[in-house]
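Below you'll find the structures, each written out as structure tokens.
Next, two complexes with subunit A in common: one pairs it with subunit B, the other with subunit C.
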Partner chain A sequence: MVEQMDLSMVNWARAQFAMTAMYHWIFVPLTLGLSFLIAFFESIYVKTGNEEWKKVAKFWMILFGINFAIGVATGIILEFEFGTNWSNYSWMVGDIFGAPLAVEGIVAFFLEATFFAVMFFGWDRVSKKFHLFSTWMVAIGSNLSALWILVANGWMQFPTGMAFNPDTARFEMQDFWAVLFSPVAIGKFTHTTSSGFLYASLFVISISSWYLLKKRHVQMARKSILVASVFGLLSSGYVAFTGDEAAYNNARKQPMKLAAFEGLYEGQRSAGLVAAGIMNPNKKVNDGQSPFLFEVRIPGLLSLLANRSPGTFVPGIKDLVYGNEKEGVMGAEEKIVKGREAVKQLALYKQAKKAGDSVAAQTALDRFNQNQDYLGFGYLKSPEEAVPPVSTTFYAFHIMVILGGLFPVIFLLYLAFALKDTLVHQKWLLFLGLISVFLGFVAGQCGWVVAEVGRQPWAIQDLLPVSVARSNLTVGAVQTTFFMFLAIFTILLIAEIKIMLKQIQIGPEGR
Partner chain B sequence: MVRLHPGSIFRFYVEGFRSMTVGRVLWKIILVKLFVMFAILKLFFFPNYLNTNFDTDEERANHVLNMMTRSAETHNVE
Partner chain C sequence: MFGNLDTTVLQQIWWIIDSLVGSLFLFLIFVQGGQTLLGQLGKTSMEKSLIINSLGRKWELTFTTLVLFGGALFAAFPKFYATSFGGAYWVWILILFTFVIQAVSYEFRKKPGNFLGEKVYEIFLFINGSVGILLIGAAVGTFFTGSNFTLNEYNLVFWTNPLRGLEAAFSLFNLSLGLFLVFNARILGAMYLINNIDFSGYEAMEKRTRRAVLVNLLCALPFLLYVLGSLLFMDGFGVDPKTGVVSMVSGKYLSNLLAMPLVLIFLLLGIVLVLWGVVTTALRGKNSGIWFGGLGTVLVGLTVFFIAGFNNTAFYPSKADLQSSLTIYNASSSHYTLTAMSYVALIIPLVLAYIVYVWRLMDSKKITESELMGTQADEMY
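Coming up: the complex of A and B.
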């Protein structure tokens, strides 16, 4: 009974965190990308002196302001949740993230408070060049303010540059640069920000398409589309490149996630990539059933993507759970033994310290250190618990990739027709462009589902499962705040959509 | 053009806020939101669990260590 209640609390806390992050991610990518698009529009205005470009920049700036205002501080709620629902986790990582996040908050606040004001209030009151400089600073500042939170997320996926202190129960930073420049952190930052650029480009194209369909503000819409399609096309390429890097890093640091998002149960040499498929809902790790009811597989491609070499071995879920001696894969089964030893030695260390027995404490500490890389596995009841929800991860990944393949086609078509000046006649494309912003939203959310659901059950990869990261709260307390947030975020979303639609309806002439 | 001395910077902000149209609605939303978040949610629904239940860092560390070792005991760790 106690176990069931605990599990429910963990799941409600997970759901609450996921909901908060998903709502937060409605606003953030638009801020990241739109800020640069506005900087491009204004740069063209300053370069050419053409007032039309100033009108374009000012219009998108208003929508940027609406999005920023509604979205501001929604991320703080995540920090509330850390302290309340995930207090053990917060305590353990406080040394690593506390100060940098605070510094980032202060720098971002002053950067944005200064240059944001110039950007909005400074038209005709500061020089053109200083205004442009301020717009660029807002774009750079907005993106930099996403840096440390993404580095923190990268660290949770691949903890590095730290050591666990068994006296304070904290992970303490040993190498700042290893944390900042870990391949997973860099990959997380570049992939996430560039997906924001892509999303904002779709946003601009979507609204501009609506204007073209309505035959309103045609010049502004065409100019906006021209810049957004180029930026979107370049961003799409970069998103694909960083996505490939992310998969390569997954193969090294989080092979279970890679196996889950590819639905790969049995490890293979020359493993094929599933381009599309329907998963078998009854599939269990070791039941011999086929994982797919239907699949389209490209031979050898997964090995190439995962290891940069065709013909190489990619471990499947079964290998990662039970081990594969032939291929040198240690399974969760063996890691659990080591993890339980680590936990046992931690308990012995605590007892010895309390009793003042320094020899026994040192012995326990040495044994703990030998096994601490597997610490988190010590809390799993069975090796199968190391497997994330496979279907959710698989579908989210494939929806993201399919949409990620569609977006550059959309951008390319828009660019081609815009250059030929025949865009207004392409009604089908304008309708596709109109809905593309929703597709971009879906792709972004799917990306986070792959990143976060795909790494379950870990709060910190291999070191801390969510069941230990949580606080001792009742289910009711978390449920209450879950529904409160649901209501608040929905109100904010309705407010954003309403104010934005009103402003779009008014168009660039309105203030 | 704005010159960089405190008075003109202050006027820059004041006049900027006065000339806002959409911005006024947005500022109202921001202020209400911040009030709800910090004065209601944070205060009544989101206390920091460890700060509320323990007085010192040592107690907090002990609690977390207990959780880390006790969880393992319930999972059949000797």
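Coming up: the complex of A and C.
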């Protein structure tokens, strides 16, 4: 099945997907959060009748619209890349993965698309209340679409509610609700959307801070900051809570990812959490070298984070690769043996079925079933291949966490000074707020790096490695489309930034 | 309810649903058709603004319908999704590319500091409306002319032509279907603009638009006739219902039409409705042509998808290896997924209802010059 696989093509396909997703994630979190902020602003306007709030809502709506368009443009590529670059994946799991994408289209995208036109062009065409309703529908539709795509992503991280069909050699859905309500899927949705709310709040605070520093549109900026700081503060608390939940889920479903983002090579009881550290770039899984050149650990905290109990064992990369009998950890080495047996028995089963030998087919099927949980490992060439890029995952995780700790402080300070009405005098805070949107961007991107790089080499955790998931394409074809999309996305990003800066410079005057 | 249905019935239901979504997309590409008319109908900046703002309130519906079409095919017929997208790589990549550049063009075109300039975004819109739709037509054409792929025992797709799907555009039938779609989209686009814009003070533009409806019909007709004539006489990819063996059957699509009289009625009624839409818009000075043309297009679209997929026919046939051809029965998801998706599909009437409601609400007043020059001028496209 994988004899002809070209790994360099796989890496280009991965790079292309990563690049598209990273561009997409510049715009989407803003859409998720800004849509709700606009709905809040407009709700206050409808409730109070104060035209100033309408002006606030309309100003942010302009920026929302510019951002929304390019989010749509990058999103369509992501959906269809599953087919173009990962066609074997699409066939093997389309039965399960396709369903949330279709539901996303039916339930969420049309809500967004239909009411978007009212939100932007309906001010004088529909009643005030119907306009507000439309704005809320856009916000709900945007976030509903996030639900379904994140359910799909959550399923890739923790495949559940399905069974492998040896006749068609693919996975088939058995329980829709198990897919929808899997703890990983729900965790993904809540953590990701709340991080989007946080990012959008930083965006509003950043631009408003610039206005306050320039002493322009002061009333609008103050109003915007007041709402955004409350929304951001609540969101950042929720991001922390769901982040903790995600780590707990990782410990159960993706222990290798947890070990990678903590740089934990040797499993430990009362494992400490690395507060800060520099990784040893020469470290190999089993070379006995220290993984860190420098580290500051908080004792017992990783065990607490992973298992909600400080004295418990957290497996390290070495345990997960070579096994740890004492702690009951099966390593990739042993799983590969079982996986290869599953692959072999699947081929024997298909041969026997073709030859009409039902006894041999049943024997092969029984043996396959005993090993099918390790099917994906059968395609790995060595146990070390089960290890994701550790340094990348480690740094991304720690940058995300450090920034995640900074954001609630920023929101709290903004809220406190806004309530005291002394914000305009806090120049240092306004400068911090101004750059905070870039920090939010970095934190969001790092989050996705942890989630996706940290689960390599799997397209579907433990069941389908990326090398088997890909399409049968030449390296040249994928390279060409990589650079094609890189060029167009970059051009469009430059255009978006220039337009947005111009609109910010113009401000809400005359609107 | 759906769980008790036979898998075959569910597969047919999902082919009908996908066909309906695909056919609605063929109607909604009036947006793309309108985009290609921008330079021809809009002679001044304000005339162009009227066109862009009229189309710009609908482009997302078309875009979303395309995304749903892809998602629904992925969920219901994953083997098709994997085979076609992973195999006919270049044709799909180019189609997607044209939709990427469309998505930003409405929003960015008039905005100050837009980096590329107004003209470039207009060219983007033209490329999307012409190349994008032509290639979609060519891709649909392969439902009848076949593609160059084989599937191995694990259903991995191997494409046997180095052009990876672009070769479809070099078939006269596929090319004709693509060109017909482009011209039909232009007919629909012009009819939509007539319906949606208040031409007071822009009578010359109105005249040009009504004329464009007729001219584009005349352009579309030869291609339509060629496609129809070919369909009636060409060999098709038949499937033996007992063995699943695929073979070439002479006059297959004609026999499909005759075996499904309702589909034949759809085809004839669809063509008549489109023609009536053109007549009523171009010659009788009415504004309602888009509804006739739109419904007619949906009916013709349903005909295309139904004769490709029903009556023991391979809807995604392989020229390279007949037995690799895909049917709605061998390419579908499992019974469970089709059942679950059928329950989700129950929401579609509600979705259609709110789309129609909002459409009527928003379009109850036509787009006017004064709207584009009023206090909200800087919020318009």
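Criterion: the second predicted complex is superposed on the first by the 495 of 511 C-alpha atoms of A that agree within 3 Å, B and C clash if a C-alpha of one lies under 4 Å from a C-alpha of the other, contacts with A are read in each partner's own complex, and residues count from 1 in each chain.
The rule we apply is simple: a residue touches a chain if its C-beta (ideal position, glycine included) is under 8 Å from a C-beta of that chain, and two chains touch if they have at least 3 such contacts.
Keep in mind that this is a model prediction, so the values were computed, not measured.
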Task: With the two complexes overlaid on their shared chain, look at subunit A and say whether subunit B and subunit C clash or fit.
output: clash
Message: Applying the document's definition of touch, where does A:Leu501 land relative to subunit B and subunit C: first, second, both, or neither?
response: second
Task: State whether A:Gly98 touches subunit B only (first), subunit C only (second), both chains, or neither.
output: second
Task: Tell me which partner A:Ile278 touches in the superposition: subunit B (first), subunit C (second), both or neither.
output: neither
Message: Taking the superposition on A as described, I'd like to know which of subunit B and subunit C A:Gly65 touches: first, second, both or neither.
response: both
First (subunit B), second (subunit C), both or neither touched by A:Ile435: neither
- request: Answer with first, second, both or neither: which of subunit B and subunit C does A:Ala355 touch in the superposed model?
  value: neither
- request: Have a look at where A:Phe110 lands relative to subunit B and subunit C in the superposition and call it first, second, both or neither.
  value: second
Query: Is A:Gln174 touching the first partner subunit B, the second partner subunit C, both, or neither of them?
result: second
Message: Contact-wise, after the overlay, does A:Gly378 reach subunit B, subunit C, both or neither (first, second, both, neither)?
response: first
Which partner, subunit B or subunit C, touches more subunit A residues: C
Field: Region of subunit C that runs into subunit B when the structures are aligned on their shared chain, from 9-17, 27-35, 63-71 or 81-89
entry: 81-89
Task: Touching subunit B in one complex and subunit C in the other: list those residues of subunit A.
output: 62, 65-66, 69-70, 72-73, 76-77, 80, 83-85, 87-88, 90-91, 117, 120-122, 125-126, 168-170, 350, 471-473, 481, 484, 488, 492, 495, 499, 503, 511
- line: subunit A residues touching subunit C in their complex are 1, 58, 62, 65-66, 68-70, 72-77, 79-80, 82-88, 90-91, 93-99, 101-107, 109-110, 112-118, 120-126, 130, 134, 165, 168-170, 172-174, 176, 350, 471-473, 477, 481, 484-485, 488, 491-492, 494-496, 498-499, 501-503, 506, 510-511
Task: Within their complex, state which residues of subunit B touch subunit A.
output: 1-2, 12-13, 15-17, 19, 21-23, 25-27, 29-30, 33-34, 36-37, 41-42, 45-51, 57, 60-61, 64-65, 67-69, 71-75, 77-78
Message: If we count contacts the way the header does, which residues on subunit A are in touch with subunit B in the complex?
response: 3, 62, 65-66, 69-70, 72-73, 76-77, 80-81, 83-85, 87-88, 90-92, 117, 120-122, 125-127, 166-170, 340, 343-344, 346-347, 350, 378-381, 467-468, 471-473, 480-481, 484, 488, 492, 495, 499, 503, 511
Task: Spell out the residues on subunit C that touch subunit A in their complex, using ranges where they run on.
output: 53, 57-58, 60-61, 63-64, 66-68, 70-72, 74-76, 78-79, 81-87, 89-90, 92-93, 96-97, 99-101, 103-104, 106-108, 111-116, 153-159, 164, 333-334, 336-337, 340-341, 344-345, 347-348, 351, 354-355, 358, 361-362, 364-365, 371, 376, 378-380
